[in-house]
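Here come two complexes built around chain A, the first alongside chain B, the second alongside chain C.
For the complex of A and B:
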């Protein structure tokens, strides 16, 4: 697992697909590869109200990434300093082994370059102290980038406020 | 070289403040203007996809003059001189024969109209139109009838609202970036949303109450709510006594409209209506009954919108945190406003050809009613119209029944389209002029009214690609060719800005620093019991309207139940997706990938009757049988059995737009026979008075 994490606050997500467009344009991608994707699931009735789930699927940047293990050329790498998993474009030969290996369907095919491409948390932005494009421009700020430990704390805080009993 | 330009987005009509990062003349990144705390980087899918629009090769690249028949797609590439001379010669002939009043122009409204409206006025035509007959005309006229001023008199303090009531105002899909976020904050703080729509749109997924109302019965629901509010004395008596004229008349009018009656009509249980009335009364005055925006829906939408406004008044929800507030302009904070070119040009003496403001006194003359232009073209009554210029407006996919519209266009000597996208109307035009996108042009400075009025700036970020030109240059060049150049002396937008700002004490560089300049530090609230500025003759909120009475129109219309569809037929509703702007983005490389085509929402029980399963192909046919097409069906319990729904703007027929061409179906093509059907009091087209047949496709 990389030291970073994108936490999606499902309560605030409105399924506007903005993150996808931010990702696509930032990475200057042709039609085809979608490095992050919102998969809408539902609607279903919950307490007699229609409810939808918008599942955000970027790369999870695994601790032991199967795509890295599968890559025969060393193009797919895990960055030592922070664990971001990325493709070194110059080494990729387009064999698609990473696409086969990843259980989450994360690595994508770029038909223009004939190479694999994937979410790298916009590491050029991260290196400038900025956040990934999807997080920076999220309309409701339902996407949060940072330390997984802090995010679990904020979830706990919110839950506590919700169930607090002042008797 | 790297630079950041503060500007205003042009992907939809919300016009969010943006920051555009440019590297060596190429746009690399667009984000919500970080200087604006409501934006702070935020941007919608369309906003980012502005980049894809800019660098798309499937956009008009150079002027084109038609060679074959209209709509045939046989074009000749032209230089700007050739194209502008061609247009000017045709217009001069028309002016010689019929006068300048024979030229009509339409746009899509908004704050950047000064130059092209001035063009039309300078050449001497009163026939300016915008798209509003398919948008907010009913809301505008409802506001005028109650407050003496239009719908933009007010804005909404969503952040402090305790109960937001939305009638198909789909705030989480028909997106305004700042507003969507503020409403989400409001929900987080425990605020409520009641969402009323025959279809559970995206906003229903977050709402705290969802009512799947029978289509076309919003007015009945409101009458039932008002009945309950008045019967149980749930209204803000202090506010109403101070500001409302006509409460007694309303009280006697709503006597028959009990919640039980409303339940029969709408399908919403009477006890829920009563419970709701009590809830809003407990939350008042921090309550908003949103009057709606695109309310060109039914032939009684004027009255349903008007009762939304009436409910706001009964809740005392004016000039109060969490309610509606008066938008303040420069004059309200002791500042001087921007100069307007239009004001320097004498108004043409001719009357509008559509009769708005004279024959139809209750219709606002401003942008008139575009649907009334078509019969005038055909009949030449009260006078002939021979040229039509569509500027970034596509009536063939926004007004009903493109075939009926084309019949009128065929009587014109000249049709010109000026657009940054290919449009259905552009494809049917005689001359197509490629205008620069919002990233490639500067526009006139804008006045943003609100609690803190401000001036804003759209500033060119990069040079226009191909042979596109800024619209101000196109209209200035045409005006010069038609002998009206005296009004268009400015060299460029920078010079025009300086003139606009002349009286204000604010400079162009002040605006460039952050993209806008606020005219006051503190939000301005007026005393709601003393200082409200209603523009009616009585200076009150006129439940009984003097404006309507002057045209012999009733202020309270007895309810008429909408038609139920025949067996196998459904009322066709349309709406927005968060990734598309009406009919303008279906070919955008990024947005078309996210949503390449639309589908038909169909109620699950109806689908069972038709033998149709989710994902099947169904055939949709217009009521008169003249238009038909197939589409994938989305079977769901979350749409009313009388309705089917599709996202607007698909089913495109411009072959040069390869990504959008023939994808999905266009609602507007099924609205056959509806071009002349509109709300007789509100003026907007009745786009949902449309029935279609649905069957399994063979």
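For the complex of A and C:
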């Protein structure tokens, strides 16, 4: 995994797709590729009430990414300093091996450039100390970017609070 | 002429840099610059029409004048100066869909077309012939050459010498394909004239009914001018008829194509010699406004040796061939000697044989390899029994009592002369010998007969006694007088005369309409972009250039029947499939580089891409190694390399040559295309070290993401409602 993690507080997500829109705007993408995606799941009956879930799926930036292994040109790389998996545009020849290899369907095809594109946590923004575009523009603030350890901590805190409230 | 750098591509590059640098901060300027860029890209892609340039100019003006920042004004200035300096090239891109520098990748012209003096769109018509669309092919040819049938029989085919296919095996049989299509279209009645523009009620006079003159007449007539062709002889054709013997070019072929001109309304005035029967002044009073001089080069060079003018049996080849063509078919003598090594010499020698000479000897001062005549012609002449004597310099023509006895010659040796490619024959002292002959025919070259033009005062001539013209426009030194053909080039080829005539017609039209003349010669026009002929790789590699079937040797020695019998329909259609479509594939090597150096698959073996370091070409090897990843097609700048999914297969083709096809596998959840097994295996092999899956279902990326999402949604604890 990379040093970073985007935590989606699914409880708050209303499925507005702001994250996706801003992702596309920031990465200047044509019709087709969607780097981060909200996948609607449901509706499912729970206690006789229909419920929808919206699952936010960017790239997981795997520990041992299949896409990096699959890439024959070395365009797909894992950044050593923080584990972000990204495509080096100049090396990509568009063979789509990464797209085929990824079990999560993460790398996308950009028909305009004829190259693969994928979520790189907006690493240019990250390097400037900013957050990825999707997180910055999330309307309900359900997306959080940062240290995975801290994210899990906040979840734990919240659960503890709930327990303490004797809800 | 090839530009070192194409100003269109150059401007696009510079403007993109300006836009990408983010210097155009004013949104309106930025949008204008982007619009200009889009229009310029249209020009570079051959998608532009006549409205593009005015639109670019108006946007440029606004960008420069109303730009709020210095950078936007500079961007405007950049485009404006490029347009001002190279306007002609921009227009040429729009009109011809060819970029002679090859910088505009989609407009890179085919070598065959660029070499053709008349600029025929060869890949297009070859493909049409391959499709069996002969009449359409003839339409395409006739936009650049009114005589496809004539050219299909006698063209010197410079295109075939440039043919890229020759780097694999042998060039495409372009000449014969054209001849076949013309003959077929003519016999089917589908050989038609294109529609004429409305009458302009202006008259142009063409002097000389040869290939150059008649080409100009054809194009002028199509543009709506009234054209009269003045010809000294009683028949049309010029050198086609008078110089080229019937066994190479039957006169019916010339007649049929000339009739097409007559149908257009071109008027022929035969038996009228310019300068004697009719003068420029007379023509002017008749209302002609422009003149096109295509009088050819009909005067033979003299040997300049003793005895040359003492015997009536010493003939000039051009006069001899003309007399035979016009019906004087008497045998000139028993033993003929023809002096010269060009096509005219061979023609004269073979004509002598057919008229009944017992022996025909061709005496040439250089060696066989130096002969300017066509290789095939020389071979055919030898088969017919013409004897060749090389390395001799005629010194005297001898005879007694008015009877010609022979040609005295000196043996010669070839020496290299500084600054000259061709070796020069030098006589060897004391090596005199005699070749017995009772008729001698000199074919050592022709020049323009200037006498008929003497009355045209002020017409400039070159040192070589040819009419001095501006080569881009064929304008002579006199206002309203244009010239082309052998009269300008000296003895040359049919196709050069046709190209000259076409160019002259264009500039006569411009001159009469008051449009400024171009300063550079026109770039050949891409007439169409036809679909590829689909050919399996094996077929592409194994098809062979067909041999030309010839008349049997006895008839060739005794009659004037056509020697080359023409290819059969099957041969022609198959031959067209060998074409590599260089009008689309510019052989940049990007596909090979991507496959070999980047993907490390190395499935493309296209030796013919590289002119200097040819390695073997084999389209067949692709099938063995290619994984059908499609990177070559993705990186192909012209769309020559193509990958498509069809009929349950993934198919890779280069200009229609089927390089590889493999069965497709589909997503086991939604049925979307995954790719062929070999491709999936390629990916799997690379990832198997890190990829350990429990579920080995093959899923497409959409389903993969969905199944993960479902998994995480289902697995997540949900707060009860």
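Following the convention adopted for this analysis, the second predicted complex is superposed on the first by the 163 of 167 C-alpha atoms of A that agree within 3 Å, B and C clash if a C-alpha of one lies under 4 Å from a C-alpha of the other, contacts with A are read in each partner's own complex, and residues count from 1 in each chain.
Basically, a contact is a pair of C-beta atoms (placed from the backbone, for glycine too) under 8 Å apart; a residue touches a chain by one contact, two chains touch by 3 or more.
None of these values were measured; they are calculated from a predicted model.
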Which superposed partner A:72 touches (first chain B, second chain C, both, neither): second
Per-residue touch tally on chain A - higher for chain B or for chain C: C
First, second, both or neither for A:49, with chain B first and chain C second: both
On chain A, the residue positions that both chain B and chain C contact, one per complex: 11, 42, 49, 51
In the complex, chain A residues that touch chain C: 10-11, 37, 39, 41-42, 46-47, 49, 51, 53, 55, 57, 64-66, 69-73, 91, 93-97, 99-108, 114-115
Chain B contact footprint on chain A (complex, rising order): 11-12, 14-18, 20-22, 24-26, 30-32, 34, 42-43, 45, 49-52, 133, 136-141
Partner chain A, residues of chain B touching it in the complex: 29-32, 41-49, 51-52, 172-173, 175, 177, 180-181, 184, 188, 200, 202, 204-210, 578-579, 589-595, 636-638, 659
Chain C to chain A touching residues, read off their complex: 594, 598-601, 629-631, 634-635, 674-675, 679-680, 682-684, 686-687, 689-691, 693, 700-706, 708-710, 712-714, 716, 718-721
